[in-house]
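Letters A, B, C and D mark the chains in the order given here, with residues in each chain numbered from 1 onward.
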Amino acid sequence: MILTLFWAFPIVGALFTLFSPAFNLRARWISLICAAMELYLVLEAGTGFWGGHLASLSEPGKILTYGISYSFSMDGLSWLLCLLNAFLTLIALLSSWKQDLSAGFWASFLFLEGAVMGVFLAQDLFFFYIFWEAMLIPMFFIIGLWGSENRVHAAIKFFLFTFFGSLFLLLGILALVVFHHQTTGAWSWDMNILRAPESGLYAILTFAAFVVGFGVKIPLVPIHTWLPDAHTEAPAAGSIILAGVLLKVGVYGFLRVLLPAFPNWGMKALPWLGGLAAINVIYGALSAMAQMDLKRLIAYSSIAHLGFCVLGIASRTAQGLAGGSLQLINHGLTTGALFLMVGFLYERTHKRGLADFGDLVSQAPLLTFFFGVTVFASIGLPGLNGFVGEFMSLSGMAKVSLPIAVVGVFGVTIAAFYLLPAFQAVFLGERKPASVSSRVFDLDFREQALLWLLIVPMIAIGLHPGPLLNIVGPAVGKLIL
Amino acid sequence: MGIPFAVVCLFAAPVSALLFGYFFLLKRKPEWMHWPMILSCAVVGAAAASIAAQVYSGHIIDVSPFKWMPLSSWSISFGFRLDGLSAVMLCLVSLVGGLIHVYAGGYMENDPAFGRFFLAFHLFYLSMIGLVVANNYVQMYLFWEMVGLSSYLLIGFWYQKASARRASLQAFFTNRVGDIGFFLALLILMNVFPAAHTRFVELFPLLGKGSPAISWVGWFLFLAAIAKSAQFPLYFWLPDAMEGPTPVSALMHAATMVTAGIFLMARSWPLMSLVPHLPNTIAAVGAFTAVFSGIIAATRKDLKRILAYSTVSHLGIMTFGLGLGEVSSAVFHLVTHGFFKAALFLCAGNIAHALHKSTASVDETGGLLKKIPVTAVFFTVAAFSLSGIWPFAGFYSKDAILGAAFDRGGWAGAAGFAIAFLSAFYIFRMLFLAFLGPRKEQNPPEHPHEAGPMMNAPLFFIVLGALGIGWFGTEFYKLVSSGWLGASPMVKIPGFDWASFTRSTSMAGLGILAAYLWTMQWPSFDWVWRKNVPLVEKGFDADFGVKPMVAALTLLVEELSYLLGVLWDKKTWDGWIESMSAWAEDAAKSVSSLASGRLNDSLWWILLGGGVMLLRLLK
Amino acid sequence: MNYLAWQISAALFVSGLCAVILRKQLLVMLFGLEIMISAALIALVAQASSFQDSNGLAAALIILCVAAAEAVVGLSLILHLRKNKTLPDTDALMNLKG
Amino acid sequence: MNPAALFLRLAPMGSGISLFCGVLGVAFAGIFKKINSGLIRALGLLSLALAAAFVFAQPANGSISALLQADPMTKAWCGVFYAGALPFLIAGTWEDEVPALLLLGSLLGMTLLAFSANLLMLFISLELLSLPVYLLVALTPAKGRPKGLSFGCPSWEAAIKYFFAGSVSAAFFLLGLACHYSATGGFAFAGNGSFLDQTAFTLMAVAALFKIGAAPWHFWLPDVYEAAEPMLSGFLSTSVKAAGVFMLMRLGQYSQASFISLLPAIGALTMIVAALAALNQTRLQRLLAYSSLGHAGVLVLGVGAWLLLGASEKNALPIFFYLFSYVFMSNGAFFFLELTGVSEWRDLRGLGKTRPVLAFCFAALALSLAGIPPTAGFLAKFLVFWQVFKAGLYVPLIAASLATLAALVYYLRIIREMYLEEGVATSKIEAGTGMVRLIVTLSAAYSAVVGFLPWILSAFQRVLG
């Protein structure tokens, strides 16, 4: 039941938060308490994963009808992602703490948290899909209600775009299920046992449907254009969750659904997937270079970074899979931190443009320090977390296809070309009209604490990723080809 | 396997100094920031000395106590290798670096960001120490990048200046290009050999069995070294890196950063020497860089810029030496260069300090001999060392390389002659312009004064090294060849040899003479000639076209990104996607207009639909 | 099969359909509708008699009743729309569209 | 014959008789001028409850008489018919006895349709269910509609259009019946596969598609649903449409005609036409009408898949569940219009702030209609799509998916108006009666949660045997 609690608790908490004003309760406190308790729950349940005492935690499945079964399970990878989800939700709630927001805002995040938990835990594709789609609704409202000027357009674009992907995901799922039925005569929706045909048009189309379905969420070029708009318009907390958690579910789907369904599709099909990922890396990086809006820039950088995850996973080697999975966590931390800080800036000035700021270091040295560390983590500087994931992903890909890895290495390099100039322009550059820069003041205690919470893991993972690799390594080990 | 205490000290001292500095001193007592750092330097220096003594007696340390990235089937270890090569580098870095720390304590005294400076400065030091003691390539890459990061922080230390910001970015980016090489080399290595074999001690013996891919590794490592050690064509960042404070330049040019590339090549020489054509290419690139930047150095006015091009030139010499197979000589030159170049930079710092500027141009100096005589003496010693005049340290190391070049003959010999002449020429030109000649009065008039003991005392020790380190060639050779991993033993550093002495000294003397004539006898000739032939002046200023090419390349990348990120992605592709809503609306209008509301029309549709259904029967 | 009956029936059905589709006067359209139903009935009856099947004839009777009910409904709807003693045509029924 | 024996003989037809008595009762109440909405409602509910009880008790074991039979689908569909009519019956105003009479008569027709054992009975019950509906549309106009231009209000116009469309389809059916009779010599469902028989089934299927409103026979549908009172539209879009679907399924079950292979394409086409046309609407009721058309498309697609998969009653679950869930979604949405009296979608602006509960209900209904998990609409659509996939109808499925995407645009527009846009609509939102509000809330609750409870499918499956 503990796993049901994982997804149900935040949703119940969300309902409670939503109705708390009716009982004269402070919604933000309710939501915070729920998020903290959820984090505690996840931490507590997964302590066995440290050091590998526990391979997985699962609830006995209950077959409901047509092979649809209510079954949840958690292995190391799921646990880490759940932890990331719970952690970032807490950070996101606290990041908007001082803003005057209605109960719905706080409830949305809890609802979102519950849905994402469901995605990370569900073993049954039917429930996986339900949770997958359920994520859309709260995010739609977060963008559409509490975003910036162009929010409605961005929210609708987000919803339609991702729904487009979901339709293909549904087709893919149906393809697996129906094929299973044809071969065995039994219905099953269990992602652990569903297999696609070995070859043929049916298999290729199934594969393509999944790539589109998951690819929209990742997002893979060229179905990525919702992301910059959604990020730009979402509130800071929304961006944190969007980048930190929601983008992960696509790659998670690759790991949990697509690759197990195609156990032998290594060199035959995945080089082009690797190629797509490499295009992602370069495309995201080059596009980011041209952006003049901080959030847009970070959004494109997410495209590039998620490209590394896919790159590693597509290689289906031990180091690639582990590195790609680790990169999910890394990207959650670094990009979460970046959006958090851009959010702080926006809260102070209501500006996001690169050209709006300059020389912030003289007013906010601490913010500069944190931003700098995060930028370097994002660039993939060894010693910080980004490098470990990228390096392992690329070395996995190099084993399978050196040319693709070479392209990926170029992507690593270009990462510096867009993040550093942006960092310089905002924090070090010429001072801009006093009206904006003077409104920036340095971080208060809450903000510092949030950033330390994100930065300490970044450094820790960079220097000593061993414990995490011990957790994700076995979880993705069976996908090695 | 236990880690020797000295090795622990190498990391523990700087790390604790940095943490203490950041968390305790930065807010409360930033003006005390240099003390923990200097203390840490002392600890590291002592540890380095004890390690060197141990290595000298033949005890190599190679331990891998940690796993950095562990997987069951694949892992990257984290360990230390202290053999002759790293011991030499360790001594150089800890000694020169430590002395520059002390010097910087005086030089930066009044800077408002004193605390931040020392944090970054010490991080630089730590990174370099980590780099030289790494026992595998991946770990080396970690510190390699950290060196890049700290150089970025320090070059852009005075971030208020646009030029400093630009220079720091340029340095980081150029290094990043080189890092592509390192990264690719890593990937290929790990592809060819199991991951664990990125350890040098396991890797090098396997090379004979390696596939042709190994030659790619060699070329890519060379690319990395080119960027880090500022070889043509990726050298341009180094002169611009002068935007940082002078101690930074001294550290960067003497002990850390640029020496990392040479160290990488020396470390990988067992690998690189196996690659066909690579040694010759390395030699050619080195020789060309040495001559090319020597010429530019001879035309610069800014003191630090002259020294910077001189560094590029000397790095070229080292690379040249490496390419000729003279690994020990190249490393030896690295060491002597470390001393005399640090001395020269610190002297330049003294001059700037005396003139209350961050950097000085030869237009603003002249006749400083009387104002700051101690600095002048130090400078002269270092200049002789650089020119390779016997018995100064530079002679011994440079002569070994030039000797090998002369032995090779042909273009190598010619390059050797040119290098010997050019180095002497540009450094003495600088010396004459700065210290001799008439003192040009400045507006407002300043009062040059000698620097304090905090600056001159370390300088003194460094000059001492620049003077006499060359006398210990034999001991150096014993140290550096201890634990050498190459299949073939190192080439011994030749002792004193009259033939090469004559050749190099005569060329150096010729250079000094030319410099004297050029600056003292006919001072106007230099400027008049260059003013009358503007094309030449422009060529010098533009590094013979390298700078415009770099600018054009930067512009190209920017345009490309604009093309992709804005014109294509946002306007065209996303615009097309967004236009779907307009399409849908058009389609909606036309579908909607079918429902005309007239009963007869809808009955027609009935007929049509029914007809289609019935027609289907016929099939 | 009684081909003659079928031919008559088909001709009637088509002409009824034409009336419904082409004419605009609602009353005429209603007549067309009745003609269509009658056409089908003719075929049914003819077929039943050639089968010698009383079930078919009974069915035809029942259907006739149903058709009558339908005509009643139609007529009541149409006559309700009468205005100034003119009967409506479909031009007047274009309020709902799009 | 003693009464007990008589009862046992009549029991199989009990549901029909109950409804017939209901009709009679209401008619007598009218004759004796005892018009009272409470009485009418009570009579109607009583007869409906009795009918439902009889249907429930009916063994699903085949033939009852020459004209009637009962199988699992009969029971299931009777449930859908009654559930679809129930909200209207409960919440209607019933100031006059005639509409109630017509409603019960139509329900009687539906019951007979579900029980009919041959094509003649099918035709008669089709007419019996249709004729009252034409009149109902004419007699219960939507509130707040502009009165007609020259000849009465739009509901009459809609009724005329409905009447002609329906009657022409009935004529087609009749022609088909004649062909079937001449091909097989009887009115039994089973065909003999001859060309004439195939023609017969095709003609009859056209009539069924008409009733459902599949494209291109759909032009009457938006007009009727728009002009009628929203509650009536709810009834039309659920029970009446379910009757059409039932007819199509019955015809398809027994025919070997090739029109079956056209059904998926027709379904997908209907979905696309509906999605696109709805984009152009500003009036909410017409928008919902097109939405209903889209759902008709899904149903036709599903029926096509079902027929291709062998048309076993067990497999009818997706369509049955779809219809049953749609009863809630559609009635809920139309009753929302009845409750609030909004006509343009712009009138919804700011409803999320002014009336959060109502807005939440409508949002849940809209998402359910759009088929977004975890709503009931999703589960229903999912089951149908699954069956379509199983049948290997990939191209229609992809077209249907894209149509779903396009349809999402206008559902999102509703939500956007209620929640995301600044400002509040000036038009007055009516409070509505308690019963209507209850129906909206219950429907929304059903729509919001059922998608997450797939185990209720086994209950539905049990109905189908």
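Keep this in mind: a residue touches a chain if its C-beta (ideal position, glycine included) is under 8 Å from a C-beta of that chain, and two chains touch if they have at least 3 such contacts.
The model shown is predicted, which means the values in this text are computed figures rather than measured ones.
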{"item": "Chain whose Cα centroid lies at the greatest distance from that of chain A", "value": "C"}
{"item": "Comparison of B-D and A-B by number of C-beta pairs in contact, larger one", "value": "A-B"}
{"item": "Nearest-to-centre chain - CA centroid comparison", "value": "A"}
{"item": "CA centroid of chain B to CA centroid of chain D, Å", "value": "78"}
{"item": "Whole-Å gap between the CA centroids of chain A and chain B", "value": "37"}
{"item": "Inter-centroid spacing, chain D versus chain C (mean Cα positions, whole Å)", "value": "26"}
{"item": "Centre-to-centre distance between chain C and chain B (centres being mean Cα positions), rounded to whole Å", "value": "97"}
{"item": "Where chain A touches two or more other chains, by residue", "value": "none"}
{"item": "Chain D, residues touching no fewer than two other chains", "value": "160-161, 164, 168, 222-223, 277, 280-281, 409"}
{"item": "Set of chain C residues in contact with two or more other chains", "value": "17, 20, 29, 93, 95-98"}
{"item": "Complete list of chain pairs which touch one another", "value": "A-B, A-D, B-C, B-D, C-D"}
{"item": "Chain C-facing residues of chain B, complex", "value": "592-593, 595-600, 603-604, 607"}
{"item": "Chain D partner contacts - residues on chain B that touch it in the complex", "value": "581, 584-585, 587-589, 591-592, 594-595, 597, 599, 601-603, 605-606, 608-610, 612-614, 616-617, 619"}
{"item": "Chain D contact footprint on chain A (complex, rising order)", "value": "64-66, 68, 126, 129-134, 136-137, 141, 144-145, 151-152, 155-156, 159-160, 163-164, 167-168, 170-171, 174-175, 177-178, 181, 205"}
{"item": "Residue numbers on chain C that touch chain D, as the complex places them", "value": "1, 6, 9, 13, 16-17, 20, 26, 29, 33, 36-37, 39-41, 43-44, 47-48, 51, 53, 55-56, 59, 62-63, 66, 69-70, 73-74, 76-78, 80-83, 88, 92-93, 95-98"}
{"item": "Sites on chain B touched by chain A in the complex", "value": "67-74, 138, 141-146, 149, 152, 156, 159-160, 162, 165, 169, 172-173, 176-177, 179-180, 183-184, 186-188, 190-191, 195, 557-558, 560-566, 569-570, 573-574, 577-578"}
